[in-house]
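Sharing a structure below in structure tokens format, with a few things to ask.
Going by the order they are written in, the chains are A, B, C and D; count residues from 1 in each one.
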Amino acid sequence: MNKINCAVLGATGVVGQHFLKLLVAHPTFEVTAICASDARAGKKLSEMKEVVPGGIPQEFADLVFDPMDVDILASKNVQVIFSGLPADVARDVESNAAQNGIKVFSNAGSHRMDADVPILIPEINHYQIELLRIQQQKKQGFIACNANCTTTGLTMALLPFIDLNIKRMVVASYQAVSGAGYPGLPVMDISNNVIPYINNEEPKVCRETGKIFGHVENGTIIPREWEIFAHCIRVPTIVGHMISVHLELDGSTDYDTVAGLIRNYLPPAEVAGLPTAPEKPVLFTEQQDRPQPRYDVDLGTPERAKGMAVIIGRLEVNKNIVRFVTLSNNLVRGAAGGSVLNAELAYRLKLI
Amino acid sequence: MNKINCAVLGATGVVGQHFLKLLVAHPTFEVTAICASDARAGKKLSEMKEVVPGGIPQEFADLVFDPMDVDILASKNVQVIFSGLPADVARDVESNAAQNGIKVFSNAGSHRMDADVPILIPEINHYQIELLRIQQQKKQGFIACNANCTTTGLTMALLPFIDLNIKRMVVASYQAVSGAGYPGLPVMDISNNVIPYINNEEPKVCRETGKIFGHVENGTIIPREWEIFAHCIRVPTIVGHMISVHLELDGSTDYDTVAGLIRNYLPPAEVAGLPTAPEKPVLFTEQQDRPQPRYDVDLGTPERAKGMAVIIGRLEVNKNIVRFVTLSNNLVRGAAGGSVLNAELAYRLKLI
Amino acid sequence: MNKINCAVLGATGVVGQHFLKLLVAHPTFEVTAICASDARAGKKLSEMKEVVPGGIPQEFADLVFDPMDVDILASKNVQVIFSGLPADVARDVESNAAQNGIKVFSNAGSHRMDADVPILIPEINHYQIELLRIQQQKKQGFIACNANCTTTGLTMALLPFIDLNIKRMVVASYQAVSGAGYPGLPVMDISNNVIPYINNEEPKVCRETGKIFGHVENGTIIPREWEIFAHCIRVPTIVGHMISVHLELDGSTDYDTVAGLIRNYLPPAEVAGLPTAPEKPVLFTEQQDRPQPRYDVDLGTPERAKGMAVIIGRLEVNKNIVRFVTLSNNLVRGAAGGSVLNAELAYRLKLI
Amino acid sequence: MNKINCAVLGATGVVGQHFLKLLVAHPTFEVTAICASDARAGKKLSEMKEVVPGGIPQEFADLVFDPMDVDILASKNVQVIFSGLPADVARDVESNAAQNGIKVFSNAGSHRMDADVPILIPEINHYQIELLRIQQQKKQGFIACNANCTTTGLTMALLPFIDLNIKRMVVASYQAVSGAGYPGLPVMDISNNVIPYINNEEPKVCRETGKIFGHVENGTIIPREWEIFAHCIRVPTIVGHMISVHLELDGSTDYDTVAGLIRNYLPPAEVAGLPTAPEKPVLFTEQQDRPQPRYDVDLGTPERAKGMAVIIGRLEVNKNIVRFVTLSNNLVRGAAGGSVLNAELAYRLKLI
């Protein structure tokens, strides 16, 4: 089979280099172009600084940076873009690419709240891919976003008990520094410190969560209405976002019911078996001091899905209250891996 | 004036060494004896390992460890004990000392829930000191506890708006490793990690908070009834416990009202002017990314009260919901400093 | 082929759990028994605390701890022991096992300086395996040690230019905390700190280095005579020992010569192709800010040899002075992986 | 007495904010102006981000940033500048100020190797202040530099045994991240990592050390000739540069002699009693695991001299070899405090 040519945008950054790692020997997509800021054009990937271990895979070391120009990408027959660009740059570049027939899978926040752009988490809302067809009617290409990294961890963890009639959530996050990209936080700011504020993060978590669980009506997503209260807080870890979750239900339940929902949860058929899809997307631990980033940040089988599963621990249930802690890999499931899975889904559903 | 002889128990530990730091040149108390495990008896303080910077003050370097024996302490005319012992050791030692007429100010958890032992935070419940008189009638001496370090930070932060009819709290903590004492956590466990469990911490926060705000009836404390949901979580910082706090009120309020309550809060007359009492026990910041342990863990004036004030930031108010983040020094306000202030209060009220 | 039954001693520790990781699906050795302190006897591996990520491999999770008793191991037909025991325990257990015909491959320091025990680093001194035959004549089994983790990194790095007539070395190490095992250092001691002393480490580096490069004469090793000055210093990293190395030669050389020696170095035939042997044991970088633990601590091909190669960077040569920085994985090459490679060598040379 | 008006340049940075801390209530100098990049002009200090705890002292919070314009500073009667500017900006600004009669005390590296600019460490080379007179003849004002932070720690530690005929030094540093200023290193680069390269640092250490110990001849400094081999290496600590030092002497000595030299060392009369001068500039510890940044980075008496003393530990002497470890505060002695002390010396010697 001929693979599909793709470009990685922002290949000097943390998310971009994760795209490269995840696309090594990918069965469907072949990285044939890379872009970053125009100053890099003409340089080889191998001349760049590795910002994540393994972020400059041997296989791609000789790729040469192109300018961020859709015509050039088109001339190289690039059909798919994986975008790890910063939000301010991403907006126009991605729109332009979609207009020119390229399918864009983006980690940037710029288009997430656009009416016809879905925030895809295949296990949750594969049905929202319908919006991509609508986009394509307008502009040949399309933009599909993965969610913000914290939103991803939260929404994945809600997946097994989405039918429990959640009325209200109070969440507090323990977010790793890699969520801020590279160079991100100065060590002097965060070493041995906790920073109780991340610019624009709390509103993102609230509105993206509603959209992700929304339903499509007349080509638009009607967000699910939930009361969400979030504190998004930075802690001195490198990878892995933990979230303390407190849910209030409309109605009562018990521990065994909720534990059973998590244990028995299986991904929908649309997703099962995709190369980067975890066999069990939501894992469960009853070890009292887990999950922990040190041990649990790379969970997921098969090998290609490492970091794609989230894990729930410390489950407590008391009538209408469900409490737990969840952990997800903010760079894999919460960023590059999310978009790769979205592209695999789109390919299976023949949108690519 | 003659100072009152006191002993520091557990002087090889983190809390013990903080007692020593805080008692240098104290106007009322004079450290004349130190104890630790019996194996130390006969050794000089200066031979010990410093476990906190400045934890072996020059002034006390030549003190010699006594065995943990109340008769010996009595023979040295020790009237007051500051106990930084681990809970399992503290139980009997402290009971025994109180029985023998010594006034015990303890950071250990062993006696906190005893019916006639108050968990004192002078700004909140100086009136509970009444229990000490009751104890004294029974056994000459008494035991007064400071609260668990996380409880202390939470309850101090609630102080300005205690009349707001709080119905329910959802809290998640970001606790520094020094809360676990010395040697405490292995670096391999916590470096670049988050541990979502601290043994017995969540029940302590719930029941101590109720007792602290309780009222005294027939010589016993009737705890205040609140619904409290707590996740107590360890993060890789050294000093300073942050807490994300979500309050549900019975009734509505607004930002200006709550901010005003914090800004205008003043300590009660019983406490004002005590040597270790902070002039403003609850500080308020509207800087969007504060408080932070790196900058705010030693707040409090005058000099002797550094680390005795807590600080509230990120205040949000929406009808019946009040949300904020608070930070306190777990070793000073939440441990040694708390007990020193308790002793100062007891002295002012002529219980010593 | 039938695999050889082996036991891992100290399977609750950092080195023990690395043995387990490295022996998953090993072509020659099969872990059929595990031991730790006797208090563990009867418990399953899966009940233990994971102290390194992946340290309790699924494959071995159901193994049950045996008491540390050679008769029991013998009754289970254990022929080979991999010992990750602490030195004080290791001395007698290992002697006893060897006396009873078991081949012991040990990471403990207890027997390293015994006259008939080699400190094996196969690429350097595979010829010292001769001592094992001598031991076997005396007691059926034998003890073979891997070197101290810092010594290993240093001596591996010297390997390419061992013929340069090194006269004197001045070295300063940057050692990760995992070198102290588990629980090892309290986080309060080492977080944001540097500790310029590691008990007994500097003498070990000096005397082991001499023995490793020594020659065998009449069944004893005559150590190579070198002047070595070492500062062994702990820094707050988890894995990876870096060493600043300053060599004084007897005679002059130049950069290209030394760089060529490193680039062209190949392992001896005795070692090449062993399952855990790295194809290139000594790697070389001319990137000015490398090696770094974050990026380079797991170097080595093939997959099974990850962490078995060392890397040299910042090479400077000026007449008789050769200076560089080297990095090695203290848990793999410098501990468990070293002993696994030793066992593979012994098996190839028919000592097992 | 009227204090001397001074300006702090670079007051938004780590060194600038240390200047501010050290100049609170200074007996001689009064901060009456602050500058940073021109974009700050018109803003108040209190609007800036604190980059070191206490870096925006209450006393100066209302100061308003001036543009970096010598005429404006002159119009405000500023006589002395303390410069914490980055090197690229510092060159012209400082030259210009000196030409206009202002006395510049600079932490920047730009002018350190200028022929008529001394690198002053008062305890070592107060006599080099002679160069300031020469500069003044040419341009009314002058520039006096403090040394690079690593050089400062090394040269201070050499002070007690400068007469031992040191022939050669091999040093390896353990440098804290604050040495790189703010924002300095991204946390993703240095957390749990060691970086064996600091741009231009090793040449600085070599050439500055020679100049500092040089003698003045015909208005120029003739550097002392030493062989110095330095590895400058970044470790994940915030404050405090440790150095492993290996000295080769011309001639033999012994432990007691060298220890005696350190213990008995006293600062020269020219320096003793200056407000920021430490009573004992070089401290000595025989505790085997000290010095450590956690405990020893703020040494120095009186209070105003905290962080101005260096400390030597792990002393070993063997004939012509002297080895030790030393620690200094890179932000106080190695930066802002160094320049404040230089200004105090110049004031005492009537150059201001």
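In the analysis below, a residue touches a chain if its C-beta (ideal position, glycine included) is under 8 Å from a C-beta of that chain, and two chains touch if they have at least 3 such contacts.
Please read all numbers here as calculations on a predicted model, not as lab measurements.
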> Most remote chain relative to subunit C, going by C-alpha centroids?
Replying inline: B
> So which has more C-beta pairs touching, A-D or A-B?
Replying inline: A-B
>> Taking the mean of the CA coordinates per chain, how far is subunit A from subunit B in Å?
In response: 42
> Any idea how many Å lie between the Cα centroids of subunit A and subunit D?
Replying inline: 47
> On subunit B, where are the residues touching two or more other chains?
Replying inline: 189, 191-192, 236, 238, 294
> Given the complex with subunit A, which residues does subunit D contribute to the contact?
Replying inline: 14, 51, 177-178, 182-192, 236, 238
>> Show me the residue ranges of subunit B that touch subunit D in the complex, using the header's touch definition.
In response: 50, 53, 191-192, 294-295, 298
> Which residues, counting only subunit A, touch subunit B once they are in their complex?
Replying inline: 170, 172, 174, 189, 192-197, 229, 231, 233, 235-238, 240, 242, 244, 246, 288-294, 313-314, 321, 323, 325
